[in-house]
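Scroll down for the structure; my scribbles are underneath it.
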């Protein structure tokens, strides 16, 4: 086996592991939803409508994790080699991805009570941490073309680096907004995901 | 790496991620089943028989997700390239697949009470949404041969497009039936899966 | 893409999906274990010892699913092509694999009460169904060399067919034993797994 | 298919299955976290702070499983072939990995009560068992170069064998420490993970 194929195998196992964690985290979100129990005074339809914060939070987290996975996928089409520091960076990234079902639950259960702002601060803070680690990971891989494929141009690197600045700013804004309104903070995160989805669709 | 192999790698990671979500969703269904507790007045056998709606719903969802996975598998033998819009379409598809364990729980717990019709409407509505997104995804990929392999013929595309019309009609019918009987609605969905399994077996 | 590589890709996605379901089912077993709560009159060590049926059932199911996965792995080194009937057979197999965490819970919670025999009957019955579907799947693939690689000899097929008879007999025996003792029935299943592990180790 | 590629396929499926189990176990850790309920006398922020043992245990287990996965990944870059004994060894390894979310829960719930030492003993004992099986697996594969790639040198084998001695000693130390303090025992395990992460980063 040539050194080239050795490293490519390594990258593919890192991607497969990450895919597994993304796929599980995104599916485990559903465990947060609870089936309304039988209650003679409330219809099931009403019971489901009353759970709107859960559906709102699940939809926001699903779209956000999906877009993170898409970007991870895209980022690793530039990263051709892996080393242990990249694996640790990626591991830290996955730690915050894994926490998402918990912070989603937190915001779902508290979005309509007095703790909404605290819950939204933890939720947006979680995504902010993902975004910061993400930028660190990319910086590490791209500095001096360390782990990139040789066909990646400097202009591409610069464009990607700039593009990745958006996420920390957006989630930082959501964190600031959470000091005023939990609902608005989660809405910011959903809008970020929607905005990304729309521009991605137009872009290509 | 040639552009060809680049895109094929992308397709394979999209398929792997989807497989992960399908596999997790289909396995998480079992978490809905509850072990009957010790009750001196009811034997364990009786307790399990009383849980029949759970087994009925689990079997229906398992068969339906399995067949969706098989069709996904088949559809992606025609789709050779991927772009961000396909990834978003596929993500939306997976969102409704991920919701299946929840809607299955809903129908399992309410199939023998007054809320059976509401629960079955949500359940069949969930599958209807999967089927509608599915058709949208296929249309997007197949229009003008956008993302298909060059060896796929126009006749094949037409045949597949027609075949995919069946699912929205069937789940739409199940949704209509749910207005009259929850049990009958779930039965329609199980029959659809069984019918597909039988014709698939005869077909090849 | 030549037809050969097309089918090989199909087999690999079937294997990947099955691996996912096996991996999730085997990991979900741990969710059955419950942390003993603080109780001043019972030490945590004692509380854990009192949970022995859970550990016993988890160990038995883990070993059994692991060996099924190994055999699945081995069987698919002979099966070179796939068709929709094989996918349905394999799906039915996975349905019973997916039920394992539930039947494991059932036996863990009832192994030391009056319902032990019923629970063990369901548990061993579940594995018996896996074994029966397994034999059907192999028969379907191997009849007339339908889906096997061309290098597989008739003698190999005969040897494998014979080897696969053991599982239905063993789990059938465990089912019969469950009529007399739940504990003994589960012990039979653990012994079968241990016996397979030992002979596998000696064999190669 | 040449014998070489046959075995390589086998190794890749073993790695994929292991990756699946590692990815699921690491993600299931989050299910341990519970959302503090609404309590007028305690703020949500305080409720989350009171859950610190859960976050501490989750972080420790996450880092430890991540590093195990990285080492598994690295070890299998030397192991080129597989046989049934290796699959059983690897299965035993995965059994203890699968137990990690349970032992993590155990330590999280009891770290601040009288059972902290018992919980930490089970937790560190679990990792000690992983480390012992790991060493057995490596010994089995490396003895007489049994399952290694032909390009692996004797010096490499010796270096890896020595490196793998560290884990049983470290987790054995954590087990001894658990007799005196549960918190200190978990801290030892976190420090081991941190130490590995730092040296890995410096090393390459």
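Order of writing sets the labels: A, B, C and D. Residues in every chain begin at 1.
Throughout what follows, contacts are C-beta pairs under 8 Å (C-beta built on N, C-alpha and C of every residue); 3 or more make two chains touch, one makes a residue touch a chain.
Just so it is clear, the model here is predicted, and its values are computed rather than measured.
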Hey, how far apart are chain B and chain D in touch steps, shortest way? 2
When chain C touches chain D, do the two copies use mostly the same residue numbers, with over half shared, or different ones? different
Can you grab the rotation angle between chain A and chain D? Superpose on CA, round to the nearest 5°. 90
Distance between the CA centroids of chain B and chain C (whole Å) is 25
Each of the following residues of chain A touches two or more other chains, namely 16, 20, 24, 28, 31
Contacting chain pairs, sorted by label, are A-B, A-D, B-C, C-D
Mind pulling up the chain A residues that touch chain D in the complex? 1, 6, 9-10, 13-14, 16-17, 20-21, 24-25, 28, 31, 83-85, 87-88, 91, 94-95, 98-99, 101-102, 105-106, 109-110, 113-115, 118-119, 122
Residues of chain C defined as touching chain D within the complex: 15-16, 19-20, 22-24, 26-31, 33, 35, 37-38, 43-45, 48, 59, 62-63, 66, 69-70, 73, 77, 149, 197, 200-201, 203-204
